[in-house]
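Below you'll find the structure, written out as structure tokens, and then a few comments.
Per-chain numbering from 1; labels A, B, C, D and E assigned in written order.
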Amino acid sequence: MQDFMLNLFSGLTRGSMYALIALGYTLVYGVLQLINFAHSEVFMSGAFASFIVVNALVGENQIPGWVVPLIFLAGLLSGGLAGASVAWGLERIAYRALRRRGAPKLAFLISAIGMSFLLSALAGKLFNRYTNNQFPDYFNKDAVVFTVFGAEIRLIQVIIIFGAIIMMVFLDRLVSGTKLGKSIRGVAEDAPTAALMGINIDKTISRTFVIGGALGGAAGFLYGTAFVFSNTMGFLPGVKAFAAAVLGGIGNIRGAMIGGLLLGIIEVLIPALPFIGTKWTDVVAFVVLVMVLVLRPTGILGEKLGRAA
Amino acid sequence: MALLEVDNIEVRYGAIKAIKGISFDVAEGEIVALLGANGAGKTTTQKTVSGMLRPSLGEIRFDGKRIDGIPAHELIHLGICHVPEGRRVFPRMSILENLEMGAFRFKKPDEQILEHVFEMFPRLRERIKQQAGTLSGGEQQMLAIGRALMGKPRLLLLDEPSMGLAPLIVNQIFDIIKEINVEGVTVLLVEQNASKALALANRGYVLETGEIVLSGTGKDLLADDRVRAAYLGEEIAH
Amino acid sequence: MTTSMAKTPASEDPPVDTRDVIYEVDDVTLRFGGVTSLNHVSLKMYRGEILAIIGPNGAGKTSLFNSLTGVYTPQEGSIMLAARVGDQPVSVLGQKTHIINRLGVARTFQNIRLFPALTALENIQVGIETRQKAGPVSNMLGLPWARREQRESVKRAYELLREVGLTQRANDLAGSLAYGEQRRLEIARALGTSPGVILLDEPAAGTNPVEKQELADLIQRINREDGVSVLLIEHDMKLVMSIAHRLVVLNFGQKIAEGSPENIQKNPDVIAAYLGSEDDETAEGEI
Amino acid sequence: ACSNSTSDAKSSSSAAPAASSSSSSAAPAASSDAATSETSSAAGGASNSDTVYKIGFQGPLSGDNQQLGINESNGVELAVEQANASGDLGFTLELVKSDDVGLPDKSPAAAATLIQDTGVVGVVGPAFSGSTKAVGATYSAANLALISPSATNATLTTSGFTAFHRIVPTDAVESAGTAKWLAKTVKSVFIVDDLSDYGKGAADELEKGLKSAGIKTQREGVDAKTTDYSAIAQKVATSGDEALFYGGYDAQVSLFARALKSAGYKGVTVTGNGGKSSVFTEGAGDAGDGWYFSCGCLDATTAPAAKDFEAAYVKKYNQPSSTYSPEAYDAANAMISVIKDLAAKGEVTREDVMAGVKALDYKGITTQVKFTESGEVEAATINLYRQEKGVINLLGDMKDQ
Amino acid sequence: MYLFSSLAGSLGISASGTWQNLGSGGWMTAAAFFLFAGTGFVVATVKFTKSKTIIAAGLKLAAPKSSDAGGLFGSPATAKTLLLLVFAAALFYPPTATSFWQSVLVTQIGIYVLLAIGLNVVVGWAGLLDLGFIAFYAIGSYVTAYLVGSLPPKPPWGTMSPLFAIPFAIAVCLVAGVILGGPTLRLRGDYLAIVTLGFGEIVRIVAINADDVTNSTRGPSPQVPHPVINLGFTRFEFGLDQLQYWYLLLIIIVIVVVLFRALEHSRTGRAWAAIREDEVAAQASGVNTFRFKLLAFAIGASTSGIAGVFFASDVGFFTPDNFILNNSILVVAYVVFGGMGSLPGAMAGAAVLTWLPEFLKDQVPAEDRQMWIGAVVLLMMIFRPGGLIPAKRRSAELHDYDHHESLEVSAVPAGEGMGAKA
């Protein structure tokens, strides 16, 4: 039981980050029916930007306890801001021109891939190419917050899980209740007709990228704080988050959340079984994905944007 | 001054000139029909008026104000509502959501108009939660018209509203157009069903390969031999 | 209703053999959640006839088509098919679409679905070639029989193009054809699969009177000269009444009438549910 | 979403020469104008002769494990510079560095760069075992002699690589020592490796040693690309094993060390020579305190024999030498001594150098460079180190601990 | 800067400047260009006019116009001339190239051209987005390594020379393609993409973790030996010289291209095009869409497998890192960059994009190459979304934005054959 709880929480930690990233994929897929391959670089940019801010704030100093939450918040915001701006620029450069030309779907995919190469290499050039950059240790991430069934749950896990959940609830409200949500759905289903209803397509698409980017960037900060970050960090979490989005039903916001959490948990729980071993973690993720899709071709919750079922 | 003035516009798809300089106008309170064979440019004309396309030459004025080049999502605030060709309902949204989308430009959908739409098309009320994509063709057409009405149009652009509708409904639709018109909405109608359209319209224009070749009141056009031959499919040669 | 369409009055000796049944639909019910789109529908289609299905919007016509072609599987009832002369009846329920096509059922769509980036000729070839045998290996190696088949398919495709009057446009991309031409091309592609029966879903929608006339001629020619039975959904009553041998009327998923065009036109239920009062029609005709 | 490992993922599929060599587009002897900055800097105190011979260096100069490679390339560079400055060479020596990122799949390209450069007559390296395994046969076919200062995998000398020689003891020796030492204090060991030739080899040998000493062991392999070690760390923490050994390189051990600390593991933590570097110290932070390292390498900062070397190194690089710098210095000097002898007699060919290396008997600062038939060095000591308060200290010869 | 081949070296020709890296071969190729261009043009024009007269003579049943290269290279005469030029360059340039470029030509350009040809079948013709294509390449490589005895498990029947692994690799890849495709090809576009991506990763991770079978990240050991072709009367041994591999690869590519071209214009090719354009309509026209999709998958897979065998034979050493997802994505990028569905396009795309990083090596710092490649790809897609040499069949896809979906597709999802349970 103790092991199970430990694994469950570490799965939830990973899962909530996947979910945050997955939301970016799902939102963009929702409006454009495109896989935004450069989203993993949006995530990465969040980590670097927030590092710069946090590092500048912390430096070599000893930080009094009460400032820690503020710094954390600053990291979250700067990560989100960076993610949002990168995503915004991404849409401007790699998508809008192609959209205007009515390019085939795969052309978007490839231009996004080009963008992804560019961003990741650029980050490598601007910063460094180590795969294991770390945030400064400005608080004791490993402090035990509480114990369930003997399993010690640590501060960083609690922060990540709750942070992610708050952001997701916020997004869900934003998309299901507001006009923005309506316009996203409208553009998703039939853009020219949505324009006839008074929806500004370009603005809606931009906003979608910005929202997804902000979540992805914030996730970049969380990820960097929990693990390590690098200019190529986006790749694997990106692929997994994309898988999570598909798992939940791509284009479906709650699906992305559920898919992300589920994938995170499965990924930790299954390899923890004695006869499997942690080295199969990534395989488990993909095998589960393939199996789910074969059994349920449109993902767990199906494809509807902004709705649970 | 007419509500809508189209002044010598030209519209291109890349190298193809679909509209080669046409002018017409629609006065407040009128129903004006655009007729023409397939590919004549009727849809293109409507799309240009509603802002989905941009003319390469010429001017369009609405209420005296130039509107060519203003994108569709802004034009709707002037009350130009377009029921596009092929219905284009939002397939994964429910009927109610589709209707709400029609009122997107307002803070909140107008309950009265909603009620009015349901009165006109009771079938929509019955299926209020059904996904629009699973409606039959005719049901979708009703929804598309209802959706446009939710936007409180001053000028309603209708592109082949009777396509795919059962004869009974076709008659109803024309009645409804009349009714909407009587309530003060100006209508620019594109129709294949020329006889019905002209019977309803105050005036009509006939398009052929991007040019206006004939115009006149509905009655005159209905009586015109060329129209009867080409658009009513009648043999007049005997 | 003095139109040119009534060239062949329907009563004039239809090539129908009432002993030879193509489709036997027996007590079929199709539901989607709460919506019942077909409600205990039974009907028979005979070899050689042009059978029209009419009915108000949402009556279940397209749903019936989709059930007949295996796209939908009704919850109740049975549908037996013997499309080509001498076939044993088989059930279409749960069959894959392409299998049903191979059994001799071809169809067109309510919204045109051509392969827009293939030429007109190639569009038809796709249909023809589903009846051919050469595998990828013999295609790759250009083996003699593969080449013979290829020549045959081109030849047959040209014949069909001629039949629908599109010879001139053989090498144009389907997407660039005019609307009416696309409708005819879709029919030619369907004919390419050598069907025993062809299902047309609102083929005349969005076409003008002149094109409707051409279409009517084409359907009759297919029916008479190629011996292909036709199942037709259409809201254009002039067209339907002028070419159909028999009509089935659906309303709210139920069959409310069946019979010859003359009888149907007079049937008060049909008038009430679908056609509308005669006054409207005559009023318009008089203008 | 698309970039993968450090420098450039595409060329990872490449066996194209020089796909990842940073500086090494070295000119053939003929076109001297094309010499790159790095080559000429190594030629520093140019001698008066216009004959140029080159020695190659292959090791990681970029990527996560670059520090281990840089330590060595600095040592080699220093040796070359000193040789050129000595003025008694009779030719100019150039150094051609070829970067293999420490990854076997980049190794063929790195090797090809050196092999295709006909001016290169001998090579110091490759630094890593995996890289060596990938190209040992290629170098042997090209008759280009290798002296590795650090490739420690036991099987390298039994794989028929005629060109391969090394001046450090193998992991078989090192891990056997570690096993003996561990067996003195613990009863169960969790062994993790990075699946590389080096890491797995070291772990295998350790497991063998522990098993024969009757110690309970458990094994897992974790790909070196992993950045998230929390799962495996948790598994170690809940295993209850008294010690943990990690076979792999510095950057990865440091991440693992952090994860283990987070997971609250309290046992003895040990790694081999691959982990001992400043990258570990910096990366692991205080999570690195208490870690043990076994290494068949010299600590030049304390060893008396290396005093001059250390001084020169600090002068040139403004920092103390680090793991395997002295060994690389020795390997380079040994190679230079062979070339120098041959040059005195006439032209230097790869074949001659090969024969010369096999016949070497050179006294270096770390060891007596003299190879057995198979290419092993004859004398060998294994040292034990431990990190305390962010500094890795030498505890002494493993046997005595 | 690199060693010139002895031929060029002895002629004493040398180039300078940024193009130095190309060796003197550039000049010599230019000469060959001119020679061939002349003949090529003549041949092409003669053929062209001849076929025109035939049509004019009223032979109406001529096969439809070839439908690959459109746009820039539209006219058959230019296309033919270009083809000859490329072929001339492929034959005569390599011997004059530096050994560096020779190996780039084989291990990068050549192999990736072959892979792009294979993937073009899947993505370009059948319209299936496969993001795990490299998995089959990996399988081909591992099959080779197994058969030559370079993996821990040894083949029970003894070892063979690497190139003879080709039929086995084809067979195994076909089977793998079918195993993957069987359950997944019913999935729609993007779902298929993620599943294939997953498959590619599974293959790679299994290669890393199935230590006892694949030797993990350490790669095959001993190395895969150089191939020997022993035909009884003659015996041909491959060595380190890349030229031998180049010509072998050229032969393989030519054969594959010829076969695939025939396929493209056959009923199979048309069925693929139909599926790609409108799967529901294809089914309704009697096309067994599943079977044809599977076929495309299998053909693509086996081509990839051949490339794998070749790669293993040439380089002799590889690790699971050679088969990362990135490479799968890159092959897709090559195909799209060149022009989806167009054979010459896919080949050109692969050639240009594999050449570019090597070329850039001397122009920009190694670390920046990725960035430049990204920028080039991005610009290309923005300004020429149809690719370098767009396919004629595909170009019709470049509609304007509001054309993107017919209503019925979404209106009748059941028509797609999955949710048809009513």
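The definition used in the following text is that contacts are C-beta pairs under 8 Å (C-beta built on N, C-alpha and C of every residue); 3 or more make two chains touch, one makes a residue touch a chain.
Not measured: the values here are computed from a predicted model.
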By that same contact rule, can you tell me which chains touch subunit B and subunit E alike? A, C
D-E or A-D, whichever has more C-beta pairs in contact: D-E
Measuring from CA centroids, which chain ends up nearest the centre of the complete protein set? E
Quick one: which chain's Cα centre is the longest way from subunit A's? C
Whole-Å distance, C-alpha centre of subunit C to that of subunit E, is 43
Return the distance between the CA-based centres of subunit C and subunit D, expressed in whole Å. 77
Can you work out the whole-Å distance between the CA centroids of subunit A and subunit C? 50
Subunit C residues counted as touching two or more neighbouring chains: 32, 110-111
Can you pull out the residues of subunit B that are in contact with at least two other chains? 52, 86, 88, 91-92, 134-135
Within subunit E, the set of residues that touch 2 or more other chains is 208-209, 325-326, 329, 367, 369-370, 373, 394, 397, 400, 402, 407, 410, 412
In their shared complex, at which residues does subunit D touch subunit E? 1-5, 7-20, 22, 25, 27-28, 31, 34, 62, 103-105, 107-108, 112, 116-118, 130, 133-135, 137-138, 141-142, 159-160, 195-197, 200, 221, 223-224
Sort out for me which residues of subunit D touch subunit A in the complex. 1-7, 62-64, 220-223, 225, 227-228, 230-232, 234-235, 238, 251, 254-255, 261-262, 264, 283, 285
Subunit B to subunit A touching residues, read off their complex: 50-52, 71-74, 76-77, 81-82, 84, 88, 90-93, 100-102, 104-105, 147, 151
Going by the contact rule at the top, pick out the subunit B residues touching subunit C in the complex. 37-39, 86, 123, 127, 130, 134-139, 141-142, 160, 163-171, 192, 195-196, 199, 222, 230-235
Residues on subunit A engaged by subunit B in the complex (per definition of touch): 179, 182-183, 185-186, 189-190, 192-201, 303-305
